[in-house]
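Scroll down for the structure; my scribbles are underneath it.
In order of appearance the chains are A, B, C and D, and numbering begins at 1 in each one.
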Amino acid sequence: MIWIIKNLWLIPALPLFAAGIIAVNKQPARKLAATLAIGSLALGFLLSLCAFFATLGHHGDGVFREVFSFPWIQFGGQWMDIGWVLDPLTAIMLVMVTFVGMLIFIFSVGYMAHDDNFMRFFCFLALFAAGMLGVVIANNLFLFFVSWEIVGLTSYLLIGFWYHKPSAAAAAKKAFITTRIGDLGLLLGMVWLYAETGTLNFYDGGKGCLESGALATMLTHATIGGMAVSTAIGLLIFLGAVGKSGQVPLHVWLPDAMEGPTPVSALIHAATMVAAGVFLVARVYPLMSIGGIIGAHGVPVTTSLTVITWVGAITAIFAASIAVAQNDIKRILAYSTVSQLGYMMMGLGVGGVAVGMFHLITHAFFKALLFLGSGSVIHGCHEEQDVRKMGGLKKYMPVTFAVYAIGMLALAGFPLFFSGFWSKDEILHSAHNWPVSHIPFLLGCTGALFTAFYMTRQVALVFFGSYRGNEEITTHDHSAHGHSHSSDSHNHDPHESPAVMTVPLMVLAGFAILLGFVGTPAWPWFGGYLTGEEFKFDFSRLTEPGTLGLMLASAAIVFTGLGLGWCLYGKRQRKTVAEKDVLETAQPFIYKLLENKYYVDEIYEATVIRFNAFAAWLCDFADQWIFGGAVLLVKYITIGLAWLYRLTDEYFVNLGFDTGCEALREGGGGLSKLHTGRVQTYLRVIGVALVALIIFLIWGRKA
Amino acid sequence: MSPFFIITGIVTLLGAAFAMSLRNLVHCALAMAVAFSGIAALYLQLDAQFVGFAEILVYVGAIAILIVFAILLTRSGEAPEKSVLTSGWMAGIAVSAMVFTMLGWAVLNSSAIPKETPPAPVATVKNVGDALMTKFVLPLEIIGLVLTAAMIGAVIIALKEESKNENPGRKS
Amino acid sequence: MTALQACLLISAFLFAIGFAGAVTRRHAILVLIGIELMLNAANLNLIAFWRFGPHPEALTGFIFVLFSMAMAGAEAAVGLALIIAIYRHKKTSNLDEVKELKG
Amino acid sequence: MFDKLDQIFVTALHWLVSFLPEGLRPFVSALICIAFVMSVFPGVFALTTVLERKILGRIQNRYGPNRVGIPFTKIRLCGFGQFIPDGIKSLTKEDIVPRAADKVVHFLAPVVMLIPVLLSYSVLPFGKNMTITDYDAGLLFFFAVGGAVEVSVFMAGWSSRNKYSLLGAMRAIAQMVSYEIPLILSAVTVVMVVGSLNLSEIVQHQNNYTFGIAHWHVFTPWGLVGFVLFFIASLAESNRTPFDLPEAESEIIAGYFTEYSGFKFALFFLGEYLGMFAIIGLGITLFLGGWTSPVSFLTWIPSYVWFLSKLMAIVFVFIWIRGTLPRLRMDQLMNFAWKFMLPLALINILVAGIWHYMAADWQRWLVCSAIIFGAYAILGRGLMQNQNFGKRIYRYAE
């Protein structure tokens, strides 16, 4: 199966070609577009499976890793390589991205069926898939960065897909700019890394920047504040991750990104792209973890990892608490996404690659499931997104309800049977064992409580009770975004979505349940697979005190959250849309605070944006007066010189030329006198010549 | 130097002179035909039967007719009112006179002229055919090619877009 | 004066006449006739040299004349075709007015 | 005894010449021959005019001239004396020359017409040893002088400043030029097979008999096709119906000799008929075995008798055709010449070559006939294309 390593590039290349073909194709060719995109991704999925099986069965003998690099461009004296790496991390991500992506493509065939820009949508989707897969397989920070930017671009394009909605356009810009801030950090880190190690290849047979030699050198060098260079670079790169996966304080773009079509939210802003940040940290984990003191359970502790842990933990609790008070179905999910990403970061920080990645994979499945489910709900409710206008959908769309419930339980971490439980539990477990402090653990537990609570609230509001969509709206709704009042949408009952949408949902649901069992403490296949350590099936591992206690604790937390949510929202349904939320009646101040997301946007508005505006004004001023004056000066000087040149040109150079040309023309005219177009003149000349010839011959003979 | 020879020579030269000097183009063409017949007669007297007949066939039978057709097609059958001579005709006459004097002088006192006349050669059609088919077969083929090309070219040149009223290629 | 010289003189005179006509006459067709006359003068030369030359049996001049006649036919055909085309285009066959190459 | 009869004219000539001194003999014999031609063929012409009128009359269900006999006697000769008053009339008519006409050319035209026609008789073998000048390139000579006729026609048409005359002349020249090519090409086949341009040799070549049948060229596939082509082309060359457009009385009054009258007209008339006889004679010489007899047991009949009888027979066919066929249109004429006769003649040349080089047995008959028939079928189909021979619809008449 080594051929797969050579041909790994095919996996991103296929969607890229698909995107290109769709882009240049004659509009509209919906069937072609969908076929190309899905087919390319399906092929990619098969190849990814090959890659996956290629990486299997290497436990014990270290981690399986194959790289393939070749020189790409030369600058300075040396060649910049690009290439790709195949290791368990890549393989599992490949499988996840291609599979989920394929399902979401299929789903969006149904979801976007009525959109005019169907082809554009699929073109962007395919391009996004290409970029994401590029990110995944990259063995080189440069290639990684390029793909990373492609991903950012497509995310921008797709969030602003309905650019006629001003909110969508604004959201797109916001997302783009916010992530740029992070990417700036990433770029800086990249450049610094190149300056330090002279290579950007991750793994290059000992010469890569993630391999012992380079790491050692980076560790020895120290920079400001005695911080090791590796730490600094790691933090910079982590900044990029923060931007991409919406960690505090750069999380603000992610909820607004929900303006995009729901499949986009599912694919990009739940499953894959936001996970790219986590994946980045996991990829450069050696850089992060180098030089750390090995704490308990063999998890290193370094400055960068500590930062990552804290950021993750804060994000988790922060976003989860906001999600409690949201009313837009997609925003709730968005904030839960943010908090889950926080969990992943925390997991990476406290538990290493395996923990974080495990949650990433499981989360990808059930969050995609949830988003697609919400998409199906929105589709069924005629583009209605406000949970208060829904309700009682259980009887209208049973399939959606079933799969949505599964997703919700998985997210909430319902014990034993759902993947979310295992992954989150592992995170909490390793957080509990974290030597530095216990606060992240506590934050995580609270976050879990909130998670269970708001998911219950959402499901209760959406699926239970009676349908409130048909009644007139008396109050203006609170959520600023996400309302498309289609005039005909209020006097229909919701309907179940077509099979093309529900079937992917079921598949995802199946995975949302099953995927948990590959990483139970009893059988930590996933960790073993990723880290290449030996592992064995040992049921007793479940029952050893630390693990069991934690499991029980988290189970208790989850049940508390579920129960709380149910008795607050499930038992007594709200009657009307306008009715105040229960929490609002209880704690109006906190609710307001939460509903407005801790006024983060407003704070930014007051500080960053204002500063930015001032800076812009300053730049404008400088441009207009200082640089502009300089430019004007140069301009006048140039004009003067030009005038001088013209004088010389006309009165010295041209005169000479003119006389020369004149002489030439005269000569030509004189010669052309001979060429009157009269054949007979020529004939005469010929006759004279004949006579001359005869004379010459005769005299020559005489002489 | 039989009298016939002198007569035919004079006829030829007169024909040529008229052909070049008459005002009316058709008369010129007819005079040219006369001149060609005279040349053919000269050929016969030089024991070149075949060439003589070919001369008549080609020049009188074909080219004269062709020229006549051309004259009628260019509507120049009548004598023009204005002068028929080019601006510098004096110079032309002078040059041609010089040419003739030069050639005549060269002919009359050139030392390369054989004094005695050899016996009449045998130029039967069979000999000519043998020569054409053996020694000169390549030039013959090339001439055929050239004639074909000329015919096609003439047709193409003279072919008006839609009408096929004439194409001189026929007679070449 | 031998017969050969007579022939040569006749052909020279013929050539001169043709040349004079070709040079002095205005009409294109007449120029063509002049050229034909010059060609015939050349042919007469060839035949004369064949007849009175050292090797008449070789038939060289004889065949040469045949070929040159064929060429003359071709030349006349093409030339007249050109004259007719020019006449159609410019409504004249007067060489003084057919000067420029431009259409 | 029969040989004596056959050679009587030759011996007579020699006998006459023998009285003269050496130097004069060629001239005198030439003069005698010229006188012979000048006397015999105009006689034949005179006879033919009457014959034509009578035959045409019969064809059109009327009596032709049947009154005039020998003048000043009661002998009628069923109208065969008609040519005498005709001749007198046409020779004594007033000779009108149009005022605008180009006098010189107008006068020269009939003469130029007659000269080449008479010249062309000088190479025809009228009988055994009865060729006046036995040129080595006789055939070429014939065609060469034939070419001069066109010049005379043009002179006549152009000089008598008359639209009809000019049109007729143009038509005549175009037609002659077009039909000269099939004429010559069909003659070339004979030259190829015989291997000589000399007409008497050509006749000699046909003067053998197998099973009592002569080896006339017309009895071979290529010969037959060649003869048919030659016959049609000669019809056109002599401006006879159905190719008589140049002098179509009903369209352009009389073509190029519209403006001629009296003696000149008679000369033109004579010239036309003599030309016809000459070309028929050539056809006979080339394909119908000249003066030879078709069957061996009739060889005792004198050769000139054979020649003249063949001549008259073909003249009769000419007249017959004139009485039968309508006139062609100009484009039909040209199409027929360039699209049918020319290719067929070329293919015929090929066939003659094949015939010459194949073994003399039934196979070459088969092959040659097959080729000719195929070519004929294809060309005929091509000629028939996009022209309907259905019932004609008169749009403006009736």
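Remarks
Criterion: a contact is a pair of C-beta atoms (placed from the backbone, for glycine too) under 8 Å apart; a residue touches a chain by one contact, two chains touch by 3 or more.
Everything numeric here is computed off the predicted structure, so don't read it as measured data.
Common neighbours of chain A and chain C (chains touching each): B.
Pairwise, the chains sharing the most contacting C-beta pairs are B-C. Taking the mean of the C-alpha atoms as each chain's centre, chain A and chain D sit 103 Å apart. Chain B has its Cα centroid 93 Å from the Cα centroid of chain A.
Distance from the chain C centre to the chain D centre is 34 Å, each centre being the mean of its Cα atoms. Centre-to-centre, using mean CA coordinates, chain B is 29 Å away from chain D.
Annotation for chain A: residues 678, 680, 683-684, 687 touch two or more other chains. Of all residues in chain C, those that touch two or more other chains are 19, 23-24, 95-96.
Shown for chain D are the residues that touch two or more other chains, of which there are none.
Two chains count as a pair here when they touch; such pairs are A-B, A-C, B-C, B-D.
Residues 1, 5, 9, 12-13, 16-17, 19-21, 25, 28-29, 32, 35-36, 39, 42-43, 46-48, 50-51, 54-55, 58-59, 62-63, 66-67, 69-71, 73-76, 83-87, 89, 91-93, 95-97, 99-100, 103-104, 107-108, 113-115, 117-118, 120-123, 127-128, 131-132, 136, 139-140, 143, 146-147, 149-151, 153-155, 157-158, 160, 166-169, 171-172 of chain B touch chain C in their complex. Across the interface of their complex, chain B is touched by residues 678, 680-681, 683-684, 687-688, 690-691, 694-695, 698 of chain A. The touching residues of chain B, when paired with chain D in their complex, are 24, 26-27, 30, 33, 37, 49-50, 53-54, 56-57, 60-62, 64-65, 68-69, 72, 77, 124-126, 170-171. If you check the complex, the residues on chain C that touch chain A are 19, 22-24, 31, 95-96, 98-101. Across the interface of their complex, chain B is touched by residues 1-10, 12-21, 23-27, 29-30, 32-34, 36-37, 40, 43-44, 47-48, 50-54, 56-57, 59, 62-63, 65-67, 69-78, 80-85, 87-88, 93, 95-96 of chain C.
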